[in-house]
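In structure tokens below, several structures.
In the two assemblies presented below, chain A is common to both, partnered first by chain B and then by chain C.
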Partner chain A sequence: MNSQFIAFFTIFLIHTNLYAASMQYDMRVDGLACPFCAYGIEKKLLKTEGVNSVDINIEKGIVIVKTKIGVSFSEHQLNQLFHDAGFTYRSMKQRELR
Partner chain B sequence: MRKLCLSILFLTLNACSWFPAQQEEPYQLIQTWGGFGDAPGQFNEPFGIVVYQNSVYVADSRNSRIQQFDFNGKFIRAIGPPEIKKSQLDRPMNMTIRNDKLYVADFWNDRVQIFSSAGSFIKSVGGPGDEPGKFNGPSGVAVDSNGNVYVADFNNQRIQYFNANGKTLGQLGETGEVGISSDKFNYPTDIAIDKNKLIYVTDGYNDRIKVIDNTGNVINKWGGPLAINLSGGFNGWFRVPSSIVIANSGEIFVADSFNNRIQKFTSNGKFLTSFGLSTKGPRHTTVGVAVANDGSVFVTDHAHHQVQKWVPHDRQ
Partner chain C sequence: MVQNHLISMNLGLSAYFLSSLAIAHDPIFSIGPHVLYKNGVEIATELHGEQSEHSENTLALEFAYGITGDWAVGTEIPYVIAEDENGTGDLNLYSKYRFWRFDTLGVQQSAAVLLRIKFDTGKNEVVNQSTDGLLGFTYGYESIKWYRWISARYQYIGEASNNLKRGDKIFADIAFGFRYSTPVYRKPDTVWYLELNTEYGMKAKQSNIELENTGGRQAFLSPGVFLTLRNFAIKAGVQIPIYQDLNDSQQKDDYRYKVALEWHL
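Up next, the complex of A and B:
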């Protein structure tokens, strides 16, 4: 699961469109019921190329990912990413960081 | 008709055991210490906690260190400072102490770190992976009277055990396989071992406790009806149990993390009482639990970055 997760994320980053800005994604995720899970997904995201920082609010079930400059994700890609990691992705808000 | 009556009788009798009454008064909160920060005595998401002699050791998880206190919360020392690479910790979780050695589940580094009770680094066991002897997110650790080390290998869905020299002896559960049957786990979070070498596992996402003998047979389990992954807030039920400890009396204390409470049981799983902060606040105010010989119960409050000290009602 881990290797699939990282490989998938790395491949799509190589093919993704490049932007001049970094991005912030606020994602609502089901299944974040304990710190173990939060730490687990945080570790996986931080290992992924293009991810600059990860903040997790367990209480609200929200994962906030900030990317490095020029990296963006599509909603489909994020959906697949969380599915592969064992979580149910619900929704996403995104904005550019300048 | 007779079968129907017997079935109803069976369900009624079982239903009584599924909703047990409180047998003891709840414990009383007498002290908290800590608060958010990285200074000595402060915490950033404390998790594991263990009592040894006159000290309380707290896994200060996001600060990547263990902090040692006396029973009144006076800071003694920090263990696992980041400037020494081999003794580094990253998201330390549940811990245990046996024979003057502190065993730490080093969650992000996929290993168990072993220190002396005074904080000197001794050695590491494990490394990342799912092969025998490797871990994927070790979350809890216990040591039996022979010095064998049992590790809850959270993301690998198994318990691995080693001898005192770190040689792999075997595992419980199937690597990477989640299930509700007795032989499987669903993200095991912690372990405790009693004087009879019975292994108590908090089977986290199955919302139950499993008791396993030293031949690997499950001899008891509890947590909701039939202990088959039915979660809830009733007495004796769980929502993601995250830590377990056995008192000298043999009684079992479980941190029922998503229910914001500690539950106390007899050694065979009979519910006795529960206690914790108000459920109206944030979740995860009771993630780790330890018991002193005098009956005081120390609890890590992940949400408020503090340690709680509770005592039996009649001792207040």
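Up next, the complex of A and C:
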């Protein structure tokens, strides 16, 4: 009984930790044609509180942003951010990283 | 003789005054619609020059700032290295505004206007001794594989203190770029360029009398390359004359070149 409880508790802790680890946002952006020009996107996103990393798939026009749990982006915020960087924001998908 | 040298030297100086200030994937010897991201800073250093009977090289330091995502301002401070004289060139200020942009997946089309003013601040022996202005228009199509641009510029050259009014210049350019491999963020990227640059120079006037050995038409074929790694870029190209119809007995260009290092902050 005691060992069953410890095993259950350990799994619960691991699961909770991973579940709460981070979020990933995949942002569809139009106008991306070169890596040098995309640098402004990375710079602007990394200034946002809670953003851990930014990667960019130029070919697919996707900006991949990993954040801490609890960070969210509004449509208005992303429209403005990408406009200031010289591109056009289209849509976003989000998922929790376990 | 001195006057002839000054006027002929002016042809080179005028050309380079115009050809610099390329931001990011703009063509090397003409202008493109690129601006900086909002609050972005560009620091660039550039070596350009021409070889004819005389050689002349200019080392320039350039700063640009993105006021908005569509509007950049900048300044350039050149240092001229001629065969017989060296010294600080004229300070340039410029502003570029991208008034139209259309984005689709992997493609950006845009158009911009450019205004540039060159002030008579340099050492007299190496500059035109006039305040000049430039107005330009450019359209660009940029995709992951192909680039193409067109541009037109008019350069007004002011009257120098010795009553010498050098001829204004008109520039028309078409440029292409090609990227062989798919670009990957944070990996080195290479784009190959080929430009056709045409120039028409009007005759200079001294006390309202036209000087015969000034002005004319030139066309250049200009291959180049643009290498980048994240926020650092190297740009290099050479202008090879393919047509030169210069009035009277002026020196013809053998070639012109440009190498630039660009850093975005």
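To be clear about the criterion, the second predicted complex is superposed on the first by the 75 of 98 C-alpha atoms of A that agree within 3 Å, B and C clash if a C-alpha of one lies under 4 Å from a C-alpha of the other, contacts with A are read in each partner's own complex, and residues count from 1 in each chain.
Heads up, the rule we're going with is that a residue touches a chain if its C-beta (ideal position, glycine included) is under 8 Å from a C-beta of that chain, and two chains touch if they have at least 3 such contacts.
This structure is a prediction, so every number in the text was calculated from the model and none was measured.
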item	value
Superposed partners chain B and chain C on chain A - clash or fit	clash
Which superposed partner A:Gly61 touches (first chain B, second chain C, both, neither)	second
Touching partner for A:His83 - first (chain B), second (chain C), both, neither	second
Contacts of A:Asp30 with chain B and chain C, given as first, second, both or neither	second
Partner chain in contact with A:Lys43 - chain B first, chain C second, else both or neither	both
More chain A residues in contact [chain B versus chain C]	C
Contact residues common to both interfaces of chain A (with chain B and with chain C)	33-37, 39-40, 43, 58-59
In the complex with chain A, residue positions of chain B that touch it	45, 47, 61, 91, 93, 107-108, 136-137, 139, 154-155, 176, 187, 189, 204-205, 239-240, 242, 257-258, 282-284, 287, 302-303
Chain A partner contacts - residues on chain C that touch it in the complex	24-25, 34-40, 68-70, 101, 103-108, 142-144, 179, 182-187, 189, 191, 228, 230-231, 233, 264
Of all residues in chain A, those that touch chain C in their complex	30-41, 43-44, 55-59, 61, 83-88
Chain A - residues contacting chain B, complex	1-2, 33-37, 39-40, 43, 58-59
